[in-house]
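Heads up: the structure comes next, in structure tokens.
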Amino acid sequence: MKPKPLVRAAQYVALLVVVVVFTAPTLWMLLGVFKRNVEHRAHPPVLIPSDPIGAASDTIRFAFEGSPVPLDQVFVNSLVVALGTVVVTLLVGTTAAYSFARFRTGGGSLPFFILTLRMAPPIAVALPFFLVFRVLGLLDSQLGLIIAYTTFNLPLVIWLLRSFFRELDPSMEEAALVDGASRWQSLRHIALPLAIPAIASTGLLVFIFSWNEFFFATLLTSSDGRTIPALLPLFLPRSISAGQPLGASFFIAAVSAVPMIILVLFLQRYLIRGLSLGAAKE
Amino acid sequence: MQQAVGARTIESRRTPWLMVLPALLLILAINIVPLVYSTVLAFFQWNLIQAATPPRFIGIDNFIRLITRDPQFISATLNTGIMVVATVAVQTVLGVAVALLLDQKLRFTGVATTLLLIPLALAPAVVGLLFSSLFNSTLGPVNYLLNAIGLPAPSWLGDAKWALASVIIVDTWQWTPFMILLTLAGLRSLNPEPIEAALVDGASAWQRFRYVKLPMLLPVLTVAMLLRAIDSFRTFDLVFLLTFGGPGTSSTTMSFYGFKVGLQNFDIGRASAIAFLMVQVFIIFVLLFYSRSKDQL
Amino acid sequence: MVRSRVLSAIAMALVLAACGTQTTSPGASGSAEASAPEIPTAPKQFQDLIDATQPADKQYDGATVTVVVDSIQSGYPFFWLAPAIKKAYGIDVKVVAAPFETYYQSIQNDIVSGTGAYDILSYPPRFLGDLASAGNIVDLTDYASQWDPEMNDVYPVYQLYTKFDGKLFALPMDGDRLELYFRKDLFENKDEQAAFQAKYGYPLAAPETWDQYLDVAEFFTRDTGADLAGEKLTEPFAGIAEITKLPDNFDWFLNRFASYGGVYFDDQMRPQLDTDAGRNALQNFVDAVKFGPADILNYEYVESFDAFLQGKTAMCIQWTDVAKVAEDPNTSKIIGKTGYAQVPGVEQADGSVLHRSVLAYNRVNSISKLADNPEAAYRVIQFMNQPSVSLLFVTEPLAGMDPYRLSHYADPSKWVQQWDRLPEYIANNKQSLTNGYPELTMPGANRYNDALGTHIAQALAGQESVEDALKNATTEWESITDELGRDGQIAHWQAQLQAWRDVGLIN
């Protein structure tokens, strides 16, 4: 039963609208880097910048020179914090996930209880972190943020990898056990190699969540420890001098966004699986 | 031989717990202890700025003050409630509708599906910044387009009646793709037999959706809606960059208010009380989530 | 799936390339303006000063001093003068900016948490009482006796902002007060004058009173398509621009409140907001924003002056520095068109008009108790505060600093930014100094301001009535006082009042 041509046409128009609505804002952000101030203020909005190269180079130069913390350092902070969180959560989370999947350790409710910590309102742990970190000297440090980000990423890692290990056929591991291998050995040599793609995807998810985090970053850093999102408010038009490139905030936003967009294109549907905590299977 | 088997059993009984031990210890240290600490603080008066005054136990005074004498807290609670209900409802309806469209045998749906991932990749803080420019009442492209097609163009972020709506719209922009892609995955994994049977019986497209597909999608949709509700309940980043809670307090959410009280005024006790109340609401969500999602996850 | 991934990647790349390579696009109007340099280099006078700087009596080789500022913009004076400080003392100056809306939090965080990343705090004295009473900043008295900060040359009202409990805790950097700016060209237009006279029955001029302010604001508020001084408007034109958002909106209320005769508290610290003065003031503010641009309720510093400089409003109440940017072609579309007047006031029984210009924000520099080398930090802020040095950054347009020394006004020819009506501007400046009305600097000031500002914003947004806003602010002020300790607060308030009386700010 083929739909009528008119219906088909309407469907294509709707599809076009959907694509434009969900992509145009991101393009507007990228476009902002290439505009002069007069174009930022122009009415109607400017879609084709007059001097994109010159404007972008001025904008970027201003972002580097004007940044209250060197931009490369902020970038490195973001990278170290995100990678650090990935390493910590995967190291600690993988064996736990395996154990929960294979042995139903702690029954069915313990993993679920852990999962809920992923969703708890961050303000509930933020104040204690602030109070304890100031005593331990962890404020404005990369380690402090890694600890904070582990609170909500470790539960995610455990939950996602648990559901993955459960889908893995246990017969090969059982065969190894019969042959005299220990549980650790069968995890190390049989389950783990099979799980590499899932672990990598989960790691990427953790990386994205940590890279994009704003609340703790604002709260727990003040100067040298800032990450890219925490730098954003400093480049809003109200924080820079009149006449400075208004594109600077778009540039910082793009520095944050573009690497993540690329990562997400690689993750594809695993992203939805991760975001839905496994409710949507690949 | 007997002995070896015994040792083996003990080893295998201990191993599962050894494997989870590091994770449990870490969770205890960085999740549970802070939560308990925060709960205790809710019963104290403690302002960090007055270095000289130590924390003082005041029972449930912080809670009484929040509920009876703090209109800002009440309005933040209301705003959060509106935010949760509106974002979940709008995103679910839009998400299902677009997913049905993408499920048609159209060309380019593959590209469209991929492009939908982009909003999900962005930090909410970035999205807030982006839309503060798009929603600019005089220079923003949104109002330019509205004017061009003859619609009224409100002052999105500068009008107390629209500020919370703006936050909801922006959240919807970022998270509807999640609902779309999730529903789409659900649609594609549906058992085709009942749908074909309905087709043979002459059911209309709407009937096939309403009575066959939707009931089959419902479990996974419910989980997704609850997840969105829980996330929306915590909204902070967007508000910080888009409206900073204003005009007035018209877009202040509970998280944002807790942040203001605790980390701008350093009223640790009262902020902990706000956090405590938020956790109670959160627990209700979690119980719902547990009862709905046991079979899904 | 792979195919679609490749396709979408190509699509993205194409769009990006399109953005990036349109170098020779047609119809690029205003490109001369567009190619103006946008990176701020220090005006020439700064380089002259750096060249002329000699090594000082004492060197601090290897010392690094970190300054925290509330925006990238307010860091410029330190950026520009860092080479001179290096030459004079061997000190490296590092500038860190923290977000404007959460600036108080950032400073307090750093000290309360013991992080100590900041040595010099550059902040508005509304934080001074909190910082000084908790012992979080250093008493500068001894340093000042050794290296003279030349405070006699500082206007007495600004000296006030550097002291707590009679002791010197800060050196000034900025001399703030609010002014009324108006579009001289429009106000002098014959047709507009006639139309105004016909409608309101008195001549069009910069408004003297708050009631006149509303008339003039209403008069100039026009829709797209209407005429303005003989030209057809292509976008709406508004009467006013003011700051309506925290952290500064309460100052725009205080202009009115003070001229209606209001004071913050009575002698026993009972809040005096819910009074005739309070109600008149807030009602006028609420009425006025109706004549602002559509998004006026989202206006902080930059948004509000930008609306005026982009030629979108007839009037603007703003800090003194805005006159300088108004004459800068990089930022202003209304060069040569700005008129200067006193912030409106209230007519008194004898027919005179009482103007009160709030001494709002007004950055000062203090030294954190956690500073590694407080003496080196003092030398930095003392260097910045010298008459010849501070003259440079208070008279240039970019950093947003304003004159606070008597000597800053002595010779207008030495100003970095020069324009035709500079003398007229200076005369208006000096007059508003005589009308100054102080912000609170006692402990808790920031919390009182925050509570008041929140309710003002709610009233402006129509979320609360004027009466309720003032009543609720009063309740919050009382509970803040109780929390901080009523007796101690009364003592601080009475000391504050006495200090104001001593310099003649209040009777």
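Structure notes:
So that you can tell them apart, the chains are marked A, B and C in the order they are listed, and the count of residues begins at 1 in each.
We adopt the following convention: a residue touches a chain if its C-beta (ideal position, glycine included) is under 8 Å from a C-beta of that chain, and two chains touch if they have at least 3 such contacts.
What you are looking at is a predicted structure, and each value in this text was computed from that prediction instead of being measured.
Interface comparison, B-C versus A-B: the pair with the greater number of contacting C-beta pairs is A-B.
The chain with its C-alpha centre at the largest distance from the centre of chain B is C. Distance from the chain B centre to the chain C centre is 38 Å, each centre being the mean of its Cα atoms. Here the CA centre of chain A is 15 Å from the CA centre of chain B.
Listed for chain B are residues 111, 114-115, 138, 263, each touching two or more other chains.
For chain A, the set of residues that touch two or more other chains comprises 41, 43, 130, 218, 233, 261, 265, 268.
For chain C, residues touching at least two other chains, in rising order: 1, 5, 8, 101-102, 109, 112, 235. Put simply, chain A touches chain B in their complex at residues 3, 8, 11-12, 14-15, 18-19, 21-23, 25-26, 28-29, 32, 40-45, 91-93, 95-96, 98-100, 102-103, 105-106, 112, 114-117, 119-132, 147, 150-151, 154-155, 158-159, 163, 182-184, 187, 208, 211-215, 218-219, 229, 232-233, 236, 249-250, 253, 256-257, 260-261, 263-265, 267-269, 271-272, 275-282. Taken together, the chain A residues at the contact with chain C in this complex read 27, 30-31, 34, 36-39, 41, 43, 48-56, 58-59, 61-62, 65-66, 68-69, 130, 133-135, 137, 139-140, 218, 222-224, 233-235, 237-245, 261, 265, 268. The residues of chain C lying in touch with chain B in their complex are 1, 3-5, 7-8, 11, 101-102, 104-105, 108-109, 112, 130, 134-136, 235, 244-246, 293-299, 312, 447, 450, 454, 457-464, 472, 475, 479, 483-484.
Contact residues of chain C toward chain A in the complex are 1, 5, 8-9, 12, 15-16, 19-23, 25, 28-31, 33-35, 37-40, 66, 68, 71-73, 75-76, 95-102, 106, 109-110, 112-115, 117-118, 235, 300-303, 305-306, 309-310, 325, 328, 330-331, 397-400. Taken together, the chain B residues at the contact with chain A in this complex read 11-12, 15-17, 19-20, 22-24, 26-27, 30-31, 33-35, 37-38, 41, 98, 101-102, 104, 106, 108-109, 111-112, 114-127, 129-134, 138-141, 144, 173, 176-178, 181-182, 185-186, 189, 220, 223-224, 227, 230-231, 233-234, 236-237, 240-241, 254-255, 258-259, 262-263, 268, 271-272, 274-276, 278-279, 282, 285-286, 289-290, 293, 296-297.
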